[in-house]
Amino acid sequence: MQAIKDSVHDYVELPPVAAELLDTAPVQRLRHIKQLSTVRLVYPSANHTRFEHSIGVAHLAGRALDRLGIDDRRAKGVQAAALLHDVGHGPYGHQTEGIIERRLGRHHDEVGDLLDRGELAATLERHDLEPDEIAALVAGEGELGQIVAGELDVDRMDYLVRDAHHTGVPYGTVDYGRLLAALRFTDGTLVLAEGNVQTAESLLVARALMNATVYRHHVSRIAGAMLERTSERLLDSSDVSAAEFQRFTDAELLAALRNHEETRPMANRIAERNLFKRAVWAEWESVPGEVVAADHADVREFERDIAAKAGVEPEHVLLDTPGEPSIPESSSRVVVNGEIRRLADQSPLVQGLQASQRTQWRLGVYAPEAVTDAVEKAATSVLGLVH
Amino acid sequence: MQAIKDSVHDYVELPPVAAELLDTAPVQRLRHIKQLSTVRLVYPSANHTRFEHSIGVAHLAGRALDRLGIDDRRAKGVQAAALLHDVGHGPYGHQTEGIIERRLGRHHDEVGDLLDRGELAATLERHDLEPDEIAALVAGEGELGQIVAGELDVDRMDYLVRDAHHTGVPYGTVDYGRLLAALRFTDGTLVLAEGNVQTAESLLVARALMNATVYRHHVSRIAGAMLERTSERLLDSSDVSAAEFQRFTDAELLAALRNHEETRPMANRIAERNLFKRAVWAEWESVPGEVVAADHADVREFERDIAAKAGVEPEHVLLDTPGEPSIPESSSRVVVNGEIRRLADQSPLVQGLQASQRTQWRLGVYAPEAVTDAVEKAATSVLGLVH
Amino acid sequence: MQAIKDSVHDYVELPPVAAELLDTAPVQRLRHIKQLSTVRLVYPSANHTRFEHSIGVAHLAGRALDRLGIDDRRAKGVQAAALLHDVGHGPYGHQTEGIIERRLGRHHDEVGDLLDRGELAATLERHDLEPDEIAALVAGEGELGQIVAGELDVDRMDYLVRDAHHTGVPYGTVDYGRLLAALRFTDGTLVLAEGNVQTAESLLVARALMNATVYRHHVSRIAGAMLERTSERLLDSSDVSAAEFQRFTDAELLAALRNHEETRPMANRIAERNLFKRAVWAEWESVPGEVVAADHADVREFERDIAAKAGVEPEHVLLDTPGEPSIPESSSRVVVNGEIRRLADQSPLVQGLQASQRTQWRLGVYAPEAVTDAVEKAATSVLGLVH
Amino acid sequence: MQAIKDSVHDYVELPPVAAELLDTAPVQRLRHIKQLSTVRLVYPSANHTRFEHSIGVAHLAGRALDRLGIDDRRAKGVQAAALLHDVGHGPYGHQTEGIIERRLGRHHDEVGDLLDRGELAATLERHDLEPDEIAALVAGEGELGQIVAGELDVDRMDYLVRDAHHTGVPYGTVDYGRLLAALRFTDGTLVLAEGNVQTAESLLVARALMNATVYRHHVSRIAGAMLERTSERLLDSSDVSAAEFQRFTDAELLAALRNHEETRPMANRIAERNLFKRAVWAEWESVPGEVVAADHADVREFERDIAAKAGVEPEHVLLDTPGEPSIPESSSRVVVNGEIRRLADQSPLVQGLQASQRTQWRLGVYAPEAVTDAVEKAATSVLGLVH
């Protein structure tokens, strides 16, 4: 057992396979992918990375397995998968996953290709683990996959608490000790034991409050939109391939953007926190359904139309539409009176949270400060926003 | 300024009037009234007292006044009231307030009589403060009274965070820095500034989660019911007067109960944590409306009827009915689009919390372990519980 | 396993024997003995008790046993001893241990008599544990006794961290995870493994800083001296026996002092924090050796002489002499270059701390504020203090 | 006032000048300089940056000024200097300061040139502050400069607590509230008020324990030595100038090292944590005085000699000699019996710490794992190490 000091979980001890995986290049790369991408522009101390988060997830997976009484070969696999669950992330994590999906057709939790070769494959095989099997766990497949990726997974337990520790926003401090103690497998489904509706609710509430305050803070959303659009431009106008792109670290992406003439201005704006401002910040009720439902191509077209109407450069209008609000954790399962029930069916609080998501939902149109008035007017007309 | 080291707020500096009030006997008495009465029987480290809580409330009142730009004579009064807001509590705080109200017609925040004489009056007057005016602030009256006692008061900001620190349950850790920064007076009403629906919601959510997990934990409710009933018996069968009773400390009450023959057995049970158990733990839907609405006399009669039917001693049946669920914070005011709105009208989450209160509501009937079966049967019949 | 939520260690799981011991009256009594006796008069949030501390010590003992690879019947005994290690304490813990030793010849860690009868004996025997064997562990005897009571015991790891959490003074937050991980048995001696001189030093430093700031704060020492002297008077002038006395809780002792005419004035002073003040606060160099070495009878005689010379009532002079400074942890053992060495021999820091103890050492003479000048003069002369 | 949420100090409010400086490129650059350079290779969550540290230092400077009663124009200057105190750092902070000093003759706290032009100069002047005056404060000059850079400066109060928060190592959690409250100016010297020897000692002890456990951890030292040597090689063999070099961010330095053929192998080793190992780890007593005193050129020559003797490539031997141990805080001033005294003269603990530094001192020779035996033998002979 190798003991690692962690700011959140104190000493973490990893089993040999996880300790060896830790030293591979694909996992060491996660040291250079920030957990909260552009959130640091709002919360300056949020510089923690997917590397320490991965260690934390492997640790909590170990605790969950202990509680569930699983200590055979499968346990080793789950801890390996927990440690590896984020290796598929591109630079700036969630911020670039749309680009990677559109260009490479790969979701960040599809890691089969990554595990199947090189150091990772060699390390797994040395410990009698099949890369495919681990990839399936990372994708949340099978009974034990639910521990790694599912509504009650250890991933969200770690990130909520870790993000709270590093931003200073207390809402994320869930009682993971209680959550872990309540985990059970019932008919192959990971559930919370009797008497834990409240425990399940606390997880949702923590996530909802962190969403509003941290994860979807408008400054972070603006910087994220700038980064995404300029990354697309880089791929369209330079010789950087999508395959290279997805393996960049945060800093390598920023450097590539600054080294390429067409993306340099936007990259400098991000680096110096000279961000676009909100031209539009519209509530759910005022946005037509087809705008909410717009796909990537539609969004690009709206942007061009707005820019044309406002008389500004096309790259100076960013439309940021978050899609239909949803709460994945609301389908987590709890035992109530001996039956497995969906939390959303059991808890009026969850229903309140779902409605609340809608009141907090905002569509944004961002532009340089000097042109926000013109862009607002054009966007209101192009998108058909209702006052 | 006197600096006091506090486990929650680090160094607290109190203005002269508060520092002098701190040294009076009625405030020093609060060292012996636990903040969470019987909760320590579930959360063993919850031994914090109303004394340090009062210091914390005075501290947060000072910070609120700073933010609101109030630094004249009124500020001094608000900090004095904050420090004194709990001097009216009887032993075991909320656990005995029903008894005191029924017997003396005084609510714990009616402190006029206490402030009007002795050391407290002398200290207040020495600092040019009127006891009556301070009593009014403690009761939440007037514009500034809302800081001390109201839906957005500093009392709840302190106790949520303090109770979290001392129980170890993280749900109470509200972001009071943000709450304080958002306080405004608008037309004489204390509100949260624009953009703080979420901030207001976080306060309610913290309270709701602490209710379910800590404040209304069934073990604490059982011990509380035992304490209340045996306290009534003490007043009915000994020469302890209600006036003396209300000034007891926690330990003095326990000692009085152990020194009196008729209350000794129950007092020993509490002291040694040999508690009654749940014979009935009924959900809202299964309890007839008239049982929910029962007043103190009705409850006593139900208990006698249940005991008779079950063939157990009358004092071995305790009926604990929490009344209609309510969330006082749901009427806190927030500014939305320039208008003051009730949070409950603005936030679907609050509506969810209100519904949730009902699903968590439980009526309890408690009895010694040996007779719970008989009592359950009798109670189901007497109370007309529906399965 | 029963899980208990603790403010310091989060969820604590106790093995069956410890969980059952927890429910016995002698352990429940510890809920009413504060961990830091009179320190709460300086640090108002320091109201934690020997009950939750005992749970914490049992928890850390479990972790130490895990690390040391001990999981047989002996482990059960060590955890039982850890939970019981403080049952021998009188009211106000260390504050009354001198009295109990002088009158009953029993040190607080001699618990053979307590374990040998009643609930404790029955519970231990039900789990195949011998009361005598457990008493020996509490006294630090045998190889495993060192885990419970010794220079590297889990008792001090818990109290340092717990006292820091509840006072708000950060100095006590030792890295107990690291200490536990470094524990080894070498030739029957509990030592810290190679590379841990620093780890051992950190424990001493934490203790030294907590001593100066918390444990030996002069206000707490004054209140402690008042309490001790008036307790002796209670035993001398009332029908309270030493045997009864040692079983009092904190509140029962205070009540007994207030109910007895001769001790009432002092008890009221303590309850209302109307404490004596320092008439003398003398450094090590200015105090003659025979005063430092004075035994209990000598101290009483010095007090009477000072009072007579100052013309004040005898009970109005309290001489508080802490004896020769010492640091028990300095004899803890660490492995250096493969050899077991005493920390004091290895670490110049420890030598510095020892010298530092001497510069912080103070002899106090306390008296009511009105007479401190007279008492100072008299004490300087009677004790032969050098300026 | 702009409020920033910080993981350590909660809400930080900065005065206008500091808020504007925050948005300049030289301060935003600090987001990309990690506070603890290579320490993250040992403590994976230590990814905090000099940006949030600078905000923290500006905050504590504000609190210190409050306590000292300074609220005029000078206060604004001190807070500006506090925010800017680290803008002179090169990439990887202290790790490259030797290089920058040797090549540019500039120490990291000589920031006159940086403040004298561009955005920083403009911002300062807009607020009526002279760049030169601020540069003097950053260098610790003048009475108020002691708040920013001196034995009792707010810089170390922030970094100790912040490094503890982000590494998880508790030793750094100093009681800065107490330190700030004890600050006084006496005859132009910043001192701690009477009764604070202990407070001063706690600062030194925290620093000493963090040194041993965190700042001088051997893995961090090895990576630091690798980084430094390969950076020198970059400057010697590429067209990167020292002037460019000093303005790199951490990531830009790593990228430059990886893009240059001669430095690529070492850069990859650092990025993938494939570090050199200790061939020699020698105690103070076994190292000849002239080796301790060796200057940069001597060290290079020793390395070449060792490599030649061991038959390994010259760049595969790194000699890391930390120079004479010293504790700058030991000359901090405290008031004792009305006199200002140097802490080192007053506190035997400081003397112990100084001696302790020597026992912890280690000279290292690092090399690739495969050749450590050969290098050890050669180094022992070349350096004349005594066993």
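Chains: A, B, C and D, in written order; residue numbering restarts at 1 for each.
Everything that follows uses one rule, which is that a residue touches a chain if its C-beta (ideal position, glycine included) is under 8 Å from a C-beta of that chain, and two chains touch if they have at least 3 such contacts.
Protein identities per chain, from UniProt: A, B, C, D = HD domain-containing protein.
Keep in mind that what you see is a predicted model, and the values were worked out from it rather than measured.
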| item | value |
| --- | --- |
| Far-end chain from chain B, centres as C-alpha averages | D |
| Repeat of interface B-C, chosen from A-B, A-D or B-D - more than half of residue-number contact pairs shared | A-D |
| Geometric centre distance via CA averages, chain D-chain A, whole Å | 34 |
| Gap in Å, rounded to a whole number, between the CA centres of chain C and chain A | 50 |
| Geometric centre distance via CA averages, chain D-chain C, whole Å | 40 |
| Shared-contact residues (touching 2 or more other chains) in chain A | 10, 169 |
| Interfacial residue positions of chain B with respect to chain D in the complex | 3, 10-11, 177-178, 181 |
| Complex contact set, residues of chain B against chain A | 169-171, 173-175, 197-198, 201-202, 205, 208-209, 212-213, 346-353, 355-356, 358-360 |
| List of chain D residues in touch with chain A within their complex | 4-8, 10, 23, 25, 28, 31-32, 40, 43-49, 51-52, 55, 165-169, 249, 251-252, 254-255, 271-274 |
